[in-house]
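Should a chain be cited, it is by its letter among A, B, C, D, E and F, assigned in written order, with residues numbered from 1 in that chain.
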Amino acid sequence: MNPPTMKLVTIVCEAHARGPVTDLLRKVGAHGWTLFPVEGEGARGDRPADIPEFTNLQIQAIVPSAVATTLLECLARDFFPRYGMIAFAADVQVVRTEKF
Amino acid sequence: MEILESVRINLLSPAVLFFALGIFAALVKSDLKFPEPLYIGLTIYLLVAIGFKGGVAFAEAGVAKVWLPATAAMVLGALIPLWTYPVLRHIGRLPAVDAGAIAAHYGSVSAVTFIAAINYLDAIGQPYERYASAFLAVMESPAILVGIVLAKLSARQNGAPVGPALRTALRESLSGRSVLLLVGALAIGFLAGPAGMEKVGPFFVTPFQGVLALFLLEMGTVAGRRLKDLRRVGPFLLGFGVLVPLVNGALGVWLGQHTGLGIGGATLLGVLAASASYIAAPAAIRVALPEANPTLYLTAALAITFPFNLTLGIPFCLALARHLFSQT
Amino acid sequence: MEILESVRINLLSPAVLFFALGIFAALVKSDLKFPEPLYIGLTIYLLVAIGFKGGVAFAEAGVAKVWLPATAAMVLGALIPLWTYPVLRHIGRLPAVDAGAIAAHYGSVSAVTFIAAINYLDAIGQPYERYASAFLAVMESPAILVGIVLAKLSARQNGAPVGPALRTALRESLSGRSVLLLVGALAIGFLAGPAGMEKVGPFFVTPFQGVLALFLLEMGTVAGRRLKDLRRVGPFLLGFGVLVPLVNGALGVWLGQHTGLGIGGATLLGVLAASASYIAAPAAIRVALPEANPTLYLTAALAITFPFNLTLGIPFCLALARHLFSQT
Amino acid sequence: MNPPTMKLVTIVCEAHARGPVTDLLRKVGAHGWTLFPVEGEGARGDRPADIPEFTNLQIQAIVPSAVATTLLECLARDFFPRYGMIAFAADVQVVRTEKF
Amino acid sequence: MEILESVRINLLSPAVLFFALGIFAALVKSDLKFPEPLYIGLTIYLLVAIGFKGGVAFAEAGVAKVWLPATAAMVLGALIPLWTYPVLRHIGRLPAVDAGAIAAHYGSVSAVTFIAAINYLDAIGQPYERYASAFLAVMESPAILVGIVLAKLSARQNGAPVGPALRTALRESLSGRSVLLLVGALAIGFLAGPAGMEKVGPFFVTPFQGVLALFLLEMGTVAGRRLKDLRRVGPFLLGFGVLVPLVNGALGVWLGQHTGLGIGGATLLGVLAASASYIAAPAAIRVALPEANPTLYLTAALAITFPFNLTLGIPFCLALARHLFSQT
Amino acid sequence: MNPPTMKLVTIVCEAHARGPVTDLLRKVGAHGWTLFPVEGEGARGDRPADIPEFTNLQIQAIVPSAVATTLLECLARDFFPRYGMIAFAADVQVVRTEKF
């Protein structure tokens, strides 16, 4: 079995960006995602995740390579100036490509 | 010297002492940390309890007594941004979007400050209108909308229409968990009445003060962790965060007196006006005005005004109310 | 019209009103969300409290009084799948594995529904046998095993042996946290007796109704989020989820009357029979019958039957019990 | 230092699959794993993680390449038809290969 | 045979029975698991409640009565590592770093064991000095520092200086959440006095025993999960974990009697000496002596000594105290 | 857009190692990190994450390749003998390199 390669896009953002980010994911064509709360430290100070208003979320979506490119471009253009966040992509081998 | 005595009593109450312990824990970088689910659980409990009690009292008092001060409270909340916005813009020289965001926070209200004030009045035996939670419920949203309109109108040159941001904010602030729990519990208390209170009172009333003490311990750690941001916001906001509550508090007390409330109720309306939202407002503003700098409004509301009101603002409002009522 | 009055009282109790508020919050997509640890904490509290109180009452009543209705309850639970399975199979035209899974859920019981029924009886002053939690404890597992056997026997052609699935389910349902907490707390209440109750009563008894109200607020959001699955399950299951509780409830009330229970106890046995498990059963079924479609059994148990029982099923059982007992 | 390459296999599955999945990990020869609860949205609707019965888990295991292949094959064959889940693999450089 | 009766009463108390249920749940691998936030919430509640109550009692008793036994308690804690270290080193043949780590744990104290002892004295109606929580507060840290010094001095040959490790441990153990909450709540109770107690008592006092029962259910699952490590630690530590509490308990009771405490207070000082820390000490040791093997000290403190004290050690201390006081 | 490649270093360690690990991250030059509690099983038994003293943390930091090498070396030399932990690195494509 030689599983086909897709992109795993990971976004770490403040909790208030949740709605806008998942809306964007839907818009660019992601068929699913996984998310969970995280703590973090970065350029905009630390986010100790003590109250929901100050939490970070890590959002992961597996998408085809082209979708990943669009996604990262939209994030860099529309989201980075407004929200505390980072985003990155990596190659992953998935089992059933038709899902994504 | 009565005000000094009021302050002393407040500072030595378990609630305020636990708040101080929380700040201390944050400053010595203790590993004491309330996990987020605990924080959410405590806020749900406090909001439901205060709303439910207010609803039962509302049912007992009748709409006739409540509508006038409630409307006054709502109007006051909506008007506060109209005078704080120009101050922020012209004296503080802040960008329109930040001025609008901060004005929205100070027009909206802090449920925890209100609850601490109720706690304080209970502790010193000062009676108050128990339906006052209704004022808390109606004051959360209007100021947020006004603040956003101000920011958007001023920044109109960049071509952004006001409508969508307002709609987003309206949805956020009406379906946000604090308004929903408060209004919902008020309605339930209203429907269930004293008979319902008998059933859930041992959970929502008896342990209330202790739960509040524990919650303020947590709020102390939360505020304490943001104290280091104080040097990022500059002296103007520091003064703003202390003086504006005094002015708004006085407005609230005065308005309470003139809409038929007693000393206790006028004090509470003053505390509401003096308080700055750090839950409902940030959630709505972050989505409707994402360009506004959260460090400014959060630090002002949470690290300056909240501790100030908790320690000095509440007894100040009471002393003022007593003074005004003694004049008439 | 006594039943209408019972329903009205139930609908206006804080517990049911908070459940409605939770559904409302889910429908308007509020950000109100009880974090999972809070949910787990509340269920642990409720199960331990109800088990402990039942155990103390069991010790006071003596085994002689309890064994007959308890055995009847267990047998009833085990038999319910025998009549619901063919209905699901032949009228509902569901695959064997789904029919077995759903039958298992309706034979097993919902602890929260039972607790809400106790709450209701307390509220209207209807006495009941306080050891009835023992029935809850013994009714959870048998139906799950019967449902699995039915599904496996029917699907035997695919060659899967019944044994391993049954063993898995038995282990899951006996060491699952709801059975363990309930049976464990029953045993502890039995051993510790009234003296133990004196010590832990202020925690497990006094605030109980308030905690339940808060928990039902959460269950409202949980059920509300699944309401959109209703259109996925089709009209048959919708009718099934409302009618089967009525039939099973009547069976339970009748059986209670004939095994020596009073009006209150018969009502509770009816409610147990009417209720569908959405905690213990899904956990066991998901592992023993992973091919069964969870949307079907979860939506039926959680989004149809649970709200139905909470609002109408409980007063129905009481009205029926009063009617039957007044005939004799 | 040129750390040797291994596979990081990530599985996102409903909480009820936990026992079967960790049993499988042990069987195919994984020496350890890390897991945590997550929320998700996918082909089978959203899993809001509000009650334990509806939670997703993310399970991560670092394994040699051959083990990863077996693992993904078993998952695709025996687990995907039964449980709501996704699985994917990625190359990672580890420090002490002998651990895995 | 009075001691047997004390043991029987203790074993049948809800608190100990729930602990046993927790162990059982872990052994049958139930899915019963208290989420971490719940554990943290329960420990915060218990520490704050016990500290606050102790502080109020401290204010009522006055410093004059408390300083002597408190100093004695502190010295006793610091001295315990001096005799347990050589035993671990020479009889147990453990490496210096492990011997120092374990000695630190047994000199420090377990708040939960102390709370269970208070619960037990309350249950059997044995009066005690309510300011005893102050002893708990002062005994946590000294032994940890002594244990680290012993380990570092012995291992000096590897050239590591003692200073930095000591400083780390001092900071860890003073700003660690258990010391901070306990000392902080003591101080708040001292300042707020009986008036403050009236306000928060319904939350911190009334439900206390029930919360403890629930917490011990959880501690049972936590200890139960570590029982399988027993075979990794060997027979020496097993004996050590049972015999050392008896010796230290006797020392504590004797010291209590000679510093002016009554039967209850001497029992509590005995229990403190007998108990081994599994929260504050591991946190400090893990950072100051990271080479020490955590399986050894955690298993000894949590899976051997904690259950032993909870079931037999507490009644042993009381029986001894009664015996000693009846001699004079 | 062809986003530049950086390293994502992931560390799974016992909670007590948190302070030392984040100190090290700062020292080797990471400009931020993200962390969250996880459960795990490995060579040193299982860490059921039932009480804070027994929890694992997963710490993720995006760093330039050279920093990743130093970081992994320091971890292997100074931390692995003392704390229960694993560490691994993977290539990721980030959007704004200047952040990291």
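One rule holds for everything that comes next: contacts are C-beta pairs under 8 Å (C-beta built on N, C-alpha and C of every residue); 3 or more make two chains touch, one makes a residue touch a chain.
Because the structure is predicted, anything quoted here is derived from the model rather than measured.
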For chain F, the least number of touch steps when starting out from chain B = 2
Ask   = From the centre of chain C, which chain's CA centre is farthest?
value = F
Inquiry  = Could you work out how far the Cα centre of chain E sits from that of chain F, in whole Å?
reply    = 34
Note = In whole angstrom, the CA-centroid distance of chain A from chain C equals 40
Task = Please compute the C-alpha centroid of chain A, do the same for chain E, then give the distance between them in whole Å.
result = 46
Task = Can you tell me which residues of chain F touch two or more of the remaining chains?
result = 36-37, 90-91
Ask   = Counting only residues that touch at least 2 other chains, which ones in chain B make the list?
value = 33-38, 40-41, 206-207, 283
Chain-to-chain touches, reported pairwise for every pair that qualifies = A-B, A-D, A-F, B-C, B-E, C-D, C-E, D-F, E-F
Message = For the complex, give me every residue of chain E touching chain B.
response = 35-37, 40-41, 44-45, 48, 52, 175-177, 180-181, 184-185, 187-188, 191-192, 196, 199-204, 206-207, 283
Inquiry  = For a test of understanding, state which residues of chain A touch chain D in their complex under the given definition.
reply    = 1, 3, 6, 8, 22, 31-36, 62, 90-96, 99
In the complex with chain B, residue positions of chain A that touch it = 14, 16, 19-20, 37, 45, 48-53, 55, 81-83
Key: Contact set on chain D toward chain A in their complex   = 10, 12, 36-43, 56, 58, 69, 72-73, 75-76, 80, 86-91
Residues of chain C that touch chain D when the two form their complex = 33-34, 36, 39-40, 218, 221-222, 225, 229, 278-279, 282-283, 286-287, 290-291, 295
